[in-house]
Every structure is written in structure tokens, then in C-alpha cells.
Amino acid sequence: MTDIKNDRLMLGDIEFTSRLITGTGKFSSRDFIAPMLEASGSQMITVALRRVDPTAKDENILTYIPDSVTLLPNTSGARTASEAVRIAKIAREAGYGKFIKIEVITDMQYLMPDNHETLLATQILAKEGFIVLPYMMPDITVTKQLYDAGAAAVMPLGSPIGTNRGLEMKPMIKRIIETSKIPVVVDAGIGRPSQAAEAMEMGADAVLVNTAIATSNDPVLAGKAFSFAVKAGRMAYLSRLADKQAYAQASSPLTGFLRE
Amino acid sequence: MTDIKNDRLMLGDIEFTSRLITGTGKFSSRDFIAPMLEASGSQMITVALRRVDPTAKDENILTYIPDSVTLLPNTSGARTASEAVRIAKIAREAGYGKFIKIEVITDMQYLMPDNHETLLATQILAKEGFIVLPYMMPDITVTKQLYDAGAAAVMPLGSPIGTNRGLEMKPMIKRIIETSKIPVVVDAGIGRPSQAAEAMEMGADAVLVNTAIATSNDPVLAGKAFSFAVKAGRMAYLSRLADKQAYAQASSPLTGFLRE
Amino acid sequence: MTDIKNDRLMLGDIEFTSRLITGTGKFSSRDFIAPMLEASGSQMITVALRRVDPTAKDENILTYIPDSVTLLPNTSGARTASEAVRIAKIAREAGYGKFIKIEVITDMQYLMPDNHETLLATQILAKEGFIVLPYMMPDITVTKQLYDAGAAAVMPLGSPIGTNRGLEMKPMIKRIIETSKIPVVVDAGIGRPSQAAEAMEMGADAVLVNTAIATSNDPVLAGKAFSFAVKAGRMAYLSRLADKQAYAQASSPLTGFLRE
Amino acid sequence: MTDIKNDRLMLGDIEFTSRLITGTGKFSSRDFIAPMLEASGSQMITVALRRVDPTAKDENILTYIPDSVTLLPNTSGARTASEAVRIAKIAREAGYGKFIKIEVITDMQYLMPDNHETLLATQILAKEGFIVLPYMMPDITVTKQLYDAGAAAVMPLGSPIGTNRGLEMKPMIKRIIETSKIPVVVDAGIGRPSQAAEAMEMGADAVLVNTAIATSNDPVLAGKAFSFAVKAGRMAYLSRLADKQAYAQASSPLTGFLRE
């Protein structure tokens, strides 16, 4: 039998039981964040540093996040490796912990990450002791380079941020899962529980879902839905479902007792 | 907020809280059936009448099914409407209740249902007081005819029985969901939790999963996985997730505080 | 080597070199029909009997079709087998030849054919000496029944008429091609040359394309495009291209002369 | 009307009427190359420099290529930008012209290109007067950088070399076509005429097909098939076919003359 109870996600030296990472963007009200986290069981949430302002109580998103949830500050807004490095250091100095999600984007239409600048930032920040999770275009060559650079995981995109298009790059993500030596967290574009479940069935280690939860009519219920989907996909992966078959195979006997 | 707690599936005059229907075929041991039902929360299970033999204790599959679970005897083995009618009547006389899943199959390679014979059997059995669930090729004209004939639901196939190919006929199933006046239960071919979730997200009322659970390495865990997936898909449907977008939409602010 | 030059499509006892069937509907001007037929090399064109009015010269579509092109009158507008039979007989009496495409449709939203009424009409008309081409929902059980009923070919739909959605039902059409004893003509929904080519690569015997050609900005060029696509797909089928591979296989040597 | 006759592909300062680029690898006999080029009308063919040996008549692939066909030597075997640059210069010195296809690959399982090394090689070679066609992972950020570096076109892969998997990365390739300022040539993985046609319908400027032609049972016929498919896709693009529709639209009148 599968030991689902002891199944853990390791990111750097930190252990998680939940494989659903959430985000703070796009909620119609920040009051949804805490109940969404509770309903979903998510243990890590990404925060744009821009949203963090320690001087303004109302504005500070951290006041909406329970202490038990690990922060994953991101470098959103960075256009170069050095900007990403600078944002990461500000985050650490401000007490947001040692995790950092690297986002370096210059393409303003599709918001696609710049893999080379992301690699450069990863090299620097991993050496400085950060637990680095780089957001990236799905690319197995770069995945290997990010591993060599000291990344704790890779975060290939499923489809462009906020599009709900799911695993557009599915075959490439499969190959990354197959070849990566570090955890693979599918990030961006996941807009349906079925898409999150499919990523997990393929063997992804976790998924990050923000827009789909935040913009649904009921973010708390949506958070729970994605949590169930991630668990369902993980269980399916662990219980090893049978492969696709070319021909039908009866689940009920077809010879029929009427003819016997 | 969505009232998920009072969400119910009505089949005939019977109310169900679970939207996952399971089956008894293909388990390596029947001892898996009861714990699978418990883990999955499934409240209805399909049984081939051939498997039912009241005289032989060891062979009788009913001894493995808790009383709280509704039986859905099926007419597997029937090749004509009249054979299906005969099997249904034997089932009712033997005390298996008033539900009947009509399966009429003549194609022995892909095990595709014969829609016209299925319609004829539905007309007869609905008039005789059965709660009739016809298994069918996805076809909106026939769906309407089955409704007119008194079916309690329609059960279009996702893909051939036992293939794990999922929603091969997705666009046609979408149209059936859109136009049907009775519940739509996607049956056959669902081999992954992600596929079950997707059917529910599309608005299916329930799914039937047998082979994928029964043939997994851990049928109890697989049963739970499908249960979570069905709930996730239903919640997503009820919380109305946003549609797919053509262009990226940032979930974190991109202007970047470094530039302000 | 493949003998492409002697490759022929047989429909009933008539031989065709072109595997592209076209239609007369939806052209912005009927003056496009003759040059489209010439550019595409299509040797058969479907005509709704409604459009045929021998008394009105301007209105009569037949004046726009060269004599060398075989007419395929269709029973569009029929809602029952008997209406289809009546239209077919009117067509034959009016001198439109012995081919008949059976269309029986009651679903007015998606215009899906009614397979059972179509089968009944086929039985009658085949016995009366028509060369019958029934338009149908993709269904292998019905395909076999249509063959038994004397159909000269089956015409499963790719997707709903006029939607340009292509081979939505691809796996089912593959199975029909695999199991049918009569030619398979994919009809309806083909909106791109790539879709026509794919149908032919799968082994379809012909395709019918109307809307995509008629509604393009340049129907003559579009007709030629579909003609090329049908030929390309047929040649690919005959030259047996290699299957999909899981892993990359270099087409150029990778050891690199620099290292030798 | 569309002016298909004056439609041209510009690569650097050279004009082509054919939009199908072929390759020399994997043919069971090199004697197929010349008739394949003639049948397909391809005006450019890629050659691995490794295969070029001016001293050995039998071995020299160039003796099998008509003079009218433009050579596209590739840097296959290179693992770094500097190796690619070195190969390119050897090719030019040996008289193979000014075109160069950059291939830099370190991933030996899926043979995926290294985009950053490819960019570095492009910068150098474009400055030195080569007409540079870089083979790349589909990535719109890198596409823009390659344009800035002086590339004459970009060659994103459809799927891994030699897999016949077609446009696995379709949405990403669509975005590259939408945003690129230089021609887009889809390279690698195209295994069916339908896939080549689809790339052209999407607006690709050309496709490169090697394995599928070379390994078919009849390379000359396959070359012709791909040529027809590329033309069909281009014509479809130029004649602007209508978009996909959600609902059916009759191509024949449905009111039916029987009811009037």
C-alpha cells in the first residue's frame, strides 16, 4: 500500500505536507486570503514585494496571512538579474525569510520569463543562502543549468500568467519532470482543478495557483477545490493508475448469462 | 456564497450527496470493494447481473457491498433491447431494486453501445417503473429521445470502456450537458482523476469510474483520489472560475517598486 | 514505389480520381462555383434540392455546375426517413442522377443527424437503386448497419456543420475507418486544409468541404488549397510515414567533426 | 483576389518561391535526394557539415544536390557558441555560401537547443555577414533578442527532432509568429503534411521537414506531399478562412421545400 501519510514535499531544507502553493494577487478583498488558506490547507503563499509596506497597516498584505504559512516573496517587476537580486535582498532584510521566487520578465504582452537573466539571478542568490525557486519557460537545458546553479526547485509555466489555459506546454513539462533532479512546481496558467490534478498525475511535485482562486466567484470554495484536485492527482500518481489502452476492455462480463 | 452543503444529485426520486458512481468489475480481490466504497464515499455501485448468484455465498458480489450503497444493476451482455428488458426484470424480481443501467452492445471490438436498441429498452423499462440510466454513444438527438422515453439520466461514454482515454468526445459531451433536461453521468473511459474533474467542471452531474479504480495498484487510495477529483470539479463548477484568457494578466504588480 | 497515378475512389460503380467533394451553399456569388470546381479539381458537388428550380434560370444552381461534375443531391430539410425518401425520389425524377446524400436532422441547434432515421432511409433507397451516401454521427455500430443496409459509403461528421472545428470526433472517426467495409467520407466541420489532410492521413477515402471554401475571402484559391491538402494527405497515407516517436532522433550527426 | 503568384519568402537578401526547406539526413539512399528535391520544389536544403567531405566523391553529399538549390549548412554537433562559430566559418571557407543554421545542443536525450549559446553565436555570425537562421526552443523573449542580434529568421522547434510529433508547442509558436519581426520557420518534429499545413495556416513563413520525408516508404512522394501541404496552408492563410464557430450553421437550407 502507498504511504500517503508520510508523503512530503521538500523545498530546500523545509518540509511541507501540502503541495498547493497559493498567491495573494487579484483578490477582490484581502479578507478572503486567510479563509482561503485555511480551506485549501496551503502552507506557502507568494507575495509581491511591492505589496509589502511595513508602515501602512491597511496596505500591508502580511497582516492577512497567518504566521503558520511560509512566505514566498517574489521578484515581480524585475527586468534583469540584478534587479531581481536587489529585490530578494530587500525582502530578506525586511524579515520575509529565505525563500525567494525569481521572476524576471521583459515581455510585457505575454509576461514570459527571461530564462537567462533568471539563471544569473539564481546563481547569485543560491550562493548567498536563499532557497531559490526560479519561474521559467519550460526548457530542459535551462532546468539542468538551474540545478547546477543551486536552485531548490524549478517553476516552469503551464501557460501565460492569468490565462487559465492550463498545461499548454504539457509535453515539455513532462520531459522536465522526467529529467529534473530537483522538485518541479508547475506555476502560472493553471485555471481549473482538472489542470492541477493532471500536473500532479504527471509527477509534478507541486503547483502554484493564484488567479483562478482569487478571481472565482467564491475564492474559499475554489481554494478547497484546488486542494482536493492536487491531492487527487498526487494519490493517482502514487497509486499508479493503469496506462491508456487502445482497445476497449469490458468491466462487466459480456458473454451474458442469457446465453449460457 | 455557494451552498455546497445542500448540493444534491437526483436520480429518479432518489437523492445522493456523492456524485461518484463506482463499479464492481476487475478488482484483483473483492475484499477491496467495501474499503474502496468507504474511502470514496460512493453511494451507488454498478453490478453486472451475471455476477449475482444468490445461491453461491463466495461468488455473490452483493455480500461485498454495504447495505447503505444503492445498487445499479446493469444489463451487460445484452445485444438487443429485449435481452436488456429481460435482464432488468430478472434483477428486479431478485430484489435488486428499481435502478437499471441499460447496456446494449453488439460491437465486440470497441464495446460501443447500440443507441437505438438502448432507446427501445428505455421506453419499455421506464413505463414499467424502473429508474432507467441508459449507457449511450454521445448524441444529442438520442439524448432528447431518451428524455422523451422516460430516462432518469443519460450516461454518454467518455471513451471506450476500460481504455482510460478520458473525454475523447468532449465537445459532444459539452453539447449534451448544455441541452439535456435530465442529469448527465459521464460513463466509461475515465482513467484519471483529472478527467473526472474536467467532466464535473464542464457541468456533468456525476461520473462513473470502475476500471481505473479497480486496476490501480491501490484501489482504496485510487477511490479516494477520484472522490476528491469529483468534489474538486463540482466545487469549481459551482464557484464559477473565470474563462480562459488570450493574453497574460499579471497576478503580481509588474511596474516594480525599484522604478518608482 | 506507390502507384499514385492509379489511385481511385469508388462510390457505387462510379470511379473518381479526386477525393475532394465540394458543395454549393454559402457562396457570396454563384459565379465562384465553376472556377472553384476547376481550381480544386473536385469531381462531385452536393446540391440541396431546395436550390434546384428548373423553371427559374437565374435561380437554378445547376446552370453554374459544369456537366463533367457529378451531382450529389442531398435531402437537407428532411426530418424523417420518409421525407428523405421523398426528396430523393423527386431528385431522381428530375434527372439529377442516382447519387443521394441522406441528411435527416431534427436538432436545430447543432444540426446533428438522426442516425436511426438515416438508417431507415438508407435501407429503402439502396433497395431502389440509389447510390446512397448517408451523413451520420460517428458511430461504428451504425456504420456496420449502414453497410448492411446497402450504403455506398458513410459520411461521419468531423464537427457540426459550418463550425470549422475540424476532427473533433477524431478517435471515433479513426475507429470507423479501421472497421468500415465501405469508403469513409469525412463530412462537415472541416474548416482548414490541415484538417482535410489529417483526415486523409488517417485513411479516410475522401472529404466533403463546403463552408470553408465558400466563405473564404477567395473561394477559388481556397478550393485549390483544399485540393492540395487532400492530395498531400492521401500521398502521406500511401507513402506510409513513420509513427510518432517518444524520444528525439538526430537527423544530422551530433558527434561533431570538431571532436574527431 | 490574393496575389499568390508574387508571394515570396525573403531570407536575408535572398528570395524564395518555395516555403518548404528540406534536409539531407536519414535517407536510406542518397539517390533519393535529387528526385525528392525536384518533386517537392524545395529550394533550400540543410546539410550537416560533418557530411561534407570534398575529397571523397562517394561520400560528399553535395554531389547529390542540384546547383539550383541553396545550401543551408548547419552547425550540428556544436555544444557551445564558439564551436558553432567555428563550424560556420569552416563552411564558408569551404565555399558553402553565406547561410548558416545554428544548432547548439547539449541535451543528448531530447536534443533540445541551448537558446543562450545560440543567441551568442547569432550575435557573432550576423556581424560577420552570415545570413543566420537559429534553431531554438520556442521563446518570445529570445526571439526578440535574436532579432536584435541580427538573425534573418528564427527556427522554433515544433517538437523534438525526429519524433514526428508536430506542433506540440503550438500556442507558443503562435505567439512567436504574432510578435516576431523576422520570418518564422518551424523546424523539427513535423511528421505529417497536416502538421506542415497547420504551421502555415497559423502564419509561419516556412517549415523545415527532413526525417518524415527521408524515412517514409516513398521519399519522393512524401516530398511532394509536404510540398502540397505547405502550399495548401499558405493559400489558406492568404485566402483568410473563417474562424471556428461555436454553433452549427447550415450550408444547405433546412426549412425544406416539402413544407412550403
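The chains carry the letters A, B, C and D, assigned in the order they are written, with residues numbered from 1 in each.
Here, a contact is a pair of C-beta atoms (placed from the backbone, for glycine too) under 8 Å apart; a residue touches a chain by one contact, two chains touch by 3 or more.
To keep track of the chains, here are their UniProt names: A, B, C, D = Thiazole synthase.
Fair warning: this is a prediction, and the values are worked out from it, not measured in the lab.
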Min route length, chain touch network, subunit B to subunit D, equals 2
Residue numbers at the subunit A-subunit B contact, same meaning over half shared and different meaning under half, come out as same
Maximum distance between Cα centroids and subunit A occurs for chain C
Chain centres from averaged Cα atoms put subunit B and subunit C apart, in whole Å, by 35
Expressed in whole Å, how far the mean CA point of subunit C lies from that of subunit D is 31
Rounded to the nearest Å, the gap separating the Cα centres of subunit A and subunit C is 46
Flagged in subunit C as touching 2+ other chains are 109-110, 112, 165
Among line, ring, star, complete and other, the chain touch graph is ring
In contact, pair by pair, are chains A-B, A-D, B-C, C-D
In the complex, the residues of subunit D that touch subunit A are 106-107, 109-110, 112-116, 119, 137, 139-142, 144, 159, 165, 168-169, 171-172, 175, 179
Subunit A residues touching subunit B in their complex are 1-2, 4, 23, 25-26, 46, 48-51, 74, 76-79, 83, 86-87, 103, 105, 108-112, 160-165, 191-195, 197-198, 201, 210-212, 214-222, 224-229, 231-233, 235-236, 238-259
